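As written, the chains take the letters A, B, C and D, and residue 1 is the first residue of each chain.
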Amino acid sequence: MDERIRKKTDSRLARIEGQVKGIRKMVEVDRYCIDILTQISAVISALKGVEEIVMEHHLHTCVAHAMQKEDPEEKQLKIIEVMDVFKRFS
Amino acid sequence: MDERIRKKTDSRLARIEGQVKGIRKMVEVDRYCIDILTQISAVISALKGVEEIVMEHHLHTCVAHAMQKEDPEEKQLKIIEVMDVFKRFS
Amino acid sequence: MDERIRKKTDSRLARIEGQVKGIRKMVEVDRYCIDILTQISAVISALKGVEEIVMEHHLHTCVAHAMQKEDPEEKQLKIIEVMDVFKRFS
Amino acid sequence: MDERIRKKTDSRLARIEGQVKGIRKMVEVDRYCIDILTQISAVISALKGVEEIVMEHHLHTCVAHAMQKEDPEEKQLKIIEVMDVFKRFS
């Protein structure tokens, strides 16, 4: 990853780490379940945002690169990898 | 799409169409809500299966093709399209 | 279900059935994969809309009713059923 | 929450916090994008597991309790809250 994307990704993950700590605190002080669920949903959305950044970067670099080569096995492998992420997502 | 994938996709969609008809019947004869919800989930899973077939085909053909060309705008466009599907999925 | 909810549900399902037919047509005439994927996503969203209507109705009727009874097994069963739908959804 | 559920929830969240830290490390040392995406998916699954625990607890306690009361506004509010979580999930 280039420096800009790495920093962006890390700052989002740092924020997510803080949010998870916050949810643990909410559980500890017995906050209302619905508020806890709302926070968990927020963290899941934030993680999906990170996934999108990493996936977009991956398509622009590794996948684009493999597609330009002549090696059909390499191409096939990259598509299988992307489809695996896609299936886990859906 | 080649003939084999088109047929596979159409036969799955034909089955999904039948399942939706079946759910309408369930609603009409007042079947238990949970049974209706189970059937709706089954149809959503089936549609995701079709999405996976179409997406995999798209990566193997249009995306792979665009990546081999020199046109950076064309590449960028294909990645944006794939990411849009990805975001709607997640 | 009362008549109003049944009609609402059926008219949505009828529309979904039409959309699935439309996707089959798109596949038949070899429309662009991304357009097909966009339509499939639209149908999935529409089905989730129906799920929400049915689930809300179920909570207001069967679940609310079971909770008012004294039978702990009946309550437990209703919660398990709702959680099963919830898990399939997530 | 009773002590058993609180402990279970906290130990899962502690593990998730560790996993997020691990992903930050993976980004820092420039691990392969697909491996990072696999880990993010694992954290999302783990968070959904916590959501299920909290939701099930909520149905057994707050929702069950509200349903036994005569207050229709209270019942309506609980159902709206559950449906909101449900919609965010789907």
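Structure notes:
Here is the rule we use: contacts are C-beta pairs under 8 Å (C-beta built on N, C-alpha and C of every residue); 3 or more make two chains touch, one makes a residue touch a chain.
The structure presented is a predicted model; accordingly, all values stated were derived computationally and were not measured.
Under the contact definition stated at the top, no chain borders both chain B and chain C. With centres taken as mean Cα positions, chain D sits 17 Å from chain A. A straight line joining the Cα centres of chain A and chain B is 22 Å long. Centre to centre, using the average C-alpha position, chain A and chain C are separated by 28 Å. Residue positions of chain C touching 2 or more other chains, listed in rising order: 48, 51, 55, 89. Viewed as a contact network, the protein chains form a single closed ring in which every chain touches exactly two others. Pairs of chains meeting the touch criterion: A-B, A-D, B-C, C-D.
Chain C makes touch with chain D in their complex at residues 48, 51-52, 55-56, 59-60, 63-64, 67-68, 75, 79, 82-83, 86-87, 89-90. On the chain B side of its complex with chain C, the touching residues are 1, 6, 9-10, 13-14, 16-17, 20-21, 23-24, 27-28, 30, 32-34, 36-38, 40-41, 43-44, 47-48, 50-51, 54-55, 57-58, 61-62, 81, 84-85, 88-89.
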